[in-house]
Amino acid sequence: MILTPLHLCLLLSSALFCIGLIGALSRSSSILVLLGVELMLNAANLNFIAFWRYGPNPAAGTGVLFVLFSIAVAAAEAAVGLALVIAIYRHQRSIRLQDARRLKG
Amino acid sequence: MTGLLIIALVTLVPAAVAMALRNVIHSALLLILSWAGIAAFYFWAGAEFLAFSQVLVYVGAISMVVLFAVLLTRHTRTDGGVAPDTLGRALAGLLIGGAVLGVLFGAVLSTPLPIGSKPAAAVTVHGLGVELMERHTIALLVVGVLLTVALLGAVVLAASDSRSGPEDAR
Amino acid sequence: MLGSGLLQGLKVTAKNIAGSFHDPERLVTVEYPEQKTKLPENYRNFPFLVSENATDPMGTLRCVACQICEKECPPQCIYIEKSKDKKPDAAGKMQVYPAVFDIDTSVCMSCQICVEVCPFEAIKMDQVFEIATTDRFNALLLDRNQLAKPNSYYHQIHPTEAAEVDGRLLAERKAAEEKAKAAAAAAAAKAAAAAAAPKPVATPTATAGAPGAVAATVSVAKPATPPAAAPVSATPPAAAPAASPAQNAPASDGKAAP
Amino acid sequence: MSNSGLEFPAPVGGSHVAAVHDPFHGDLLEVSMGPHHPSTHGVFRMMVTLDGETIVKLKPVFGYLHRNHEKLGENTSYLASMPYTDRLDYLNSMTNNWAYALAVEKLAGQPVPERAEYLRVILAELTRLLNHVCLAGFLLQDTGASGTPLMYAFREREKILDLFESLSGSRMMCNYQRFGGCRVDASPEWLAGAKHITDNFGRFLDEYEELITGNEILMARTQGVGALSPELAISAGITGPMLRATGVDYDLRKVDAYGVYSRFNFRVPLGDHGDTYDRYMIRVLEMRESITILQQALRDLPAGPIMDPKAKIRGFRPKAGEAYGRIEGPKGEIGFYLISDGSPNPYRYRVRPPSFVNLTVLEDMCLGQTIADAVIILGSVDIVLGEVDR
Amino acid sequence: MNAMPGIFAAATGADSLLERWPILFRDTVAGFFPAPLQWLVGSLISILAIVAIFGGVFAALTLLERKMLGRVQNRPGPNRTGPFGLLQPIADGIKMLTKEDIVPRSADHLLHFLAPVALLAFSILTFAVIPFGRNLVPLELDAAVLYFFAAGAATELAIFMAGWASRNKFSLLAAMRALAQLISYELPLLLSFVPIIMLAGTLSMTGIIDQQAGWNFGFIPKWYIFTPWGFAAFAIFLVAALAESNRSPFDLPEAESELIAGHLTEYSGFKYALFFMAEYFGMIALSGMAITLFLGGWRAPLPFLEFIPSYLWFGAKLLGLLLLFIWIRGTFPRLRMDQLTRLAWKFLVPLALFNLGTAAFWSLTSGWSGPLQLARWGVAIALVVVPFVLLGRGLSRGVAPRTYRFA
């Protein structure tokens, strides 16, 4: 079989996704978990660009626009997520996820 | 093709190391490098506008927020990280991650994909703008509202109770 | 309106930038090693010892080693050892002189108290301020040879004060001379009365000393002139042989006189 | 003493340097500002506990410049202490000299000739100009104004220092006042120079105020910062411009009317907020009042001797007794308390340093402010470490 | 196109040898190399030229700043090294190079080393898209403006690295301040030039400069600063640029009276010099950006001055802006952290948003002429001034000159 550039891009993005996944699953620091999620999101964005680049109609720019929106959402997610981390830290004096068991602050 | 490989290296290695390090600050800085690598990928793929946006948003903004959060939530300066993760947890993570990786790789490699023939007709900023304002107006508005709400929510969450009184601060 | 104060401030600094190119009031620094400001006459730095003339500074120190300054010096940076012998001073009177006179200028705080308490106008404040050395200890410890400066130098750095001091000294010496004359006259009368005079030494030196002092004050502008030097050089023959055995002689002599 | 009380510094070791955990404030950071710090005005140290940038605790640590001044004074003659007083508040040696001379004159019952009294007023008011202009410069330097206001202030200070130098022989260590008068008489040229400087000082103040007083950044930085209540100021013994900035009308020049101050016509400016801006502005206004005093004094300066002819330089032994001499120094009430046992040295020699007393309320003013404010609050207290540590 | 006459007038200047020699030189040198390498050689020449020229400008600027601050403060400034102190930068450089490089034992050595390097690298990156003269753009990008700010955004990251890696509390506080400052001022900085992009319709620097070609009435250049909204945007940009480049009165991360030297406290020798270099490079780059966006780039202010080569005009404008920065530094006290952020969020951001509206109004009314033109100016000025006054009043609430009573 032939390894096309698209293949390579997809492999890259899936590797990145898995790194993010492993990080998110195995770390207990909520900030690192958040960063892992962020990485997975980025991996998804890579896919959009890869398919836009090698897809049938690169001129449409839909992939780019999708990633643009995705970045915006990721920014919002990061802001809210980290605000949550800080709020949790205020209550629990810890950013370990294991410690944040109570829903009530 | 070598370009792509270098980009993959710059993206994957820091990300992997970042996920393994104990020092959160180092992790964050390495992740910034990884994000920069992703931006390089966008640039390589011909989406330069996206590359700059990625740098601006991730390197310029999200990284700052992350670093801020790390600094604000440290116990003392010395241990940037938190208590060590349990081995079982790490193993479970690795296992699941490995499994997913295997499935994804298998899927990608077993799929015949069209060979990218035509060179990318680079989208101009102007073209993007026109498309954004004409075809995706609603999406743009929604994202704008989302961002505003997220900003307000983040402010409310982060600034919530520290000064309001002793009953909140335990 | 917001920002008006800021603009005003910018205006002032702009005025100063422009002024620094034409207005000496707005470029006030002095390029030190090339330019120097004129030191005011009262400026003081570290003390020095006044000697009557430049050719023989050690022989003509006004200091009589009374040690008042040593006692009064607030940081106690003066160290004096009295001489065992005596030398005639400017007025011709036999005086003790400082065998050792050290000032540690690394300790001295230039307060001028030594000058104020000195009854003999022997210690004055210098104006040399470029005294930085690479040696921390020895170079800053000044001995009497380094400290001694002639009266003419004193006149150079503090003209008005020096003139006043010299005038006062002169007057004092005149008074002393008259007193001595009166005393001599009285002594002479006494001697005449007693019809026996074994000690005519004191009166000649006193009379010889007074003109010398006058000459020294007059010839301030031209140091080490023969007239100034003459009476001084006339004295050493009396002082130089006066070693330790001779030292007690006049004292016992003086005591024996009355 | 202040409400919070002045604590003597505990030995500070490495353990203080760790972050402190406090459930009510989050993570606290203890920062040692000084003794080597650009804006602690000498070797002063503030152990600051920070919540973010907000100060939750401030401990002043001083004594790095302690020179045993008071004990030295008891072991030297009365006159020999005079040059040491120069080194207390080394910006204002003339007023230190005066306060000490006043105490000794009270002790010995020594009268002072009128010309000397006038000269003392002239020199004290020049010193006030010098000190306040320095303060204005340093305060602005503390707010980060790149040295420009400081250099303008120093430009004017230099002129006054030149005056001092040509009169007393030294720019800062004047050692000028004596028991019963002054050391050197002022020549007519000197008086003309003083008049020239006095007349031009107002113009400089106008320019300085144009540069800075209306500056929005300065106002935002100083207004409402480090406010001091009049009650606390009185109970802590605060004096000088700092007290008057809180609105308390207390000026020794009016209260004691020592020397010939009763003959001059001047006003005492009062603040209403007691904050840093008030402390700064009170000083600026005091400078303007000083100018009017100087003009009157230079106009009315009588002829005559500058030293009481009966005054003794050598062998000065006041009769046994005690005396407290105080004047309104530029920083506040500077006083000397002396007990004599009839010997050439004082039995007890005590200084009441305004810098030190004014510093006691530092923590009260700084709590709840940010670390940047602490610097300018300290600047507005106007301390000189030579006087604080003695 | 309304810029056509301007372009024709410029053509006379554009053809002169003076104008074209940098490009000619580059192409000639590159021509000696085989064709595949020409691109590389050309780029290398550009890079070398930028580093050399701006290295020189940096050296001159350190001297200029010290001289000018000296003049502000009634003193001549450095004048001992060489004639008029002109060799001072060289002396400084030698001193910096020969000083011992001290790294605190407990510092994070790698980051401590990386921080100045990264900072300098990021600030040099920003030079890549600035048009220094006609055709003198090192890198012609479609989204050049975005590139510029993406590269610039990374600089505060390096400051954070420096502050955190030093393991000094003052450095750490400085790092926090640097982060807060970046987050606060990125927004007004970006918002301030959005109207420009809106009206120019392009993110390309050359495009923006082309839009500013020509003169109204033959002598008022069509630069964006000469419109009400453009002027307001310029002011906002300038304030935000001061904050972004950590210049006084926004030099909080290195506030010497509070944090000793902030993030620079634990740096010495050459690394310290690198920080300085980066700070000045950042200042130069932001000034260059301001020139491009608001001051017509390399264009001459008057038609008959076109014969002067464009890069000299750029240099003159750059010098003017840098002098303004130094002048401001010599005059103003520093803000406090909370005031700094308040200024950004409560004043500059709303003002920039209002300004966006003003620019939209300006764009919509571009057809108005005659008396309507006057009305257009009036409304636009009102749209700029009224929010400024109102927001300014809100910002300076509780802060006013006081009157004092006398006992």
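A, B, C, D and E are the chain letters, set down in written order, and residue numbers restart from 1 in every chain.
Everything that follows uses one rule, which is that a residue touches a chain if its C-beta (ideal position, glycine included) is under 8 Å from a C-beta of that chain, and two chains touch if they have at least 3 such contacts.
Nothing here was measured: the structure is a model prediction, and the numbers come from that model.
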Check: interface with higher C-beta contact count, C-E vs D-E, is D-E
Could you work out which chain's C-alpha centre is the most distant one from the centre of subunit A?
-> C
Once you find the CA centre of subunit A and the CA centre of subunit B, what distance in Å lies between them?
-> 5
So how far apart, in whole Å, are subunit C and subunit D when each is placed at the average of its C-alpha atoms?
-> 37
Any idea how many Å lie between the Cα centroids of subunit B and subunit C?
-> 84
List the centre-to-centre spacing of subunit A and subunit C in whole Å, with centres computed as mean CA coordinates.
-> 89
Each of the following residues of subunit D touches two or more other chains, namely 23, 26, 148, 152, 155, 211-219
Can you tell me which residues of subunit E touch two or more of the remaining chains?
-> 72-75, 172, 176, 330-332, 396
Among subunit A residues, those touching two or more other chains are 90
Which residues, counting only subunit D, touch subunit C once they are in their complex?
-> 76-77, 79-84, 86-87, 148, 152, 155, 158, 162, 165-170, 173, 175, 183-184, 207, 210-219, 313-314
Along subunit E, where are the residues that touch subunit C in the complex?
-> 68, 71-76, 79, 327-328, 330-332, 388-389, 392-393, 395-396
Residue set of subunit C touching subunit E in the complex reads 1-3, 6, 9-10, 12-14, 16-17, 19-21, 26-29, 31
For the subunit B and subunit A complex, residues of the former touching the latter | 1, 4-5, 7-8, 11-12, 15-16, 18-19, 24, 27-28, 31, 34-35, 38, 41-42, 45-47, 49-50, 53-54, 57-58, 61-62, 65-66, 68-70, 72-73, 81-83, 85-86, 89-94, 96-98, 100-101, 104-105, 108-109, 112-116, 118, 120-121, 123, 127-128, 131-132, 136, 139, 143, 146-147, 150-151, 153-158, 160-162, 168-170
In the complex, subunit A residues that touch subunit B | 1-2, 4-12, 14-29, 31-32, 34-36, 38-39, 42, 45-46, 49-50, 52-54, 58-65, 67-69, 71-80, 82-87, 89-91, 94-96, 105
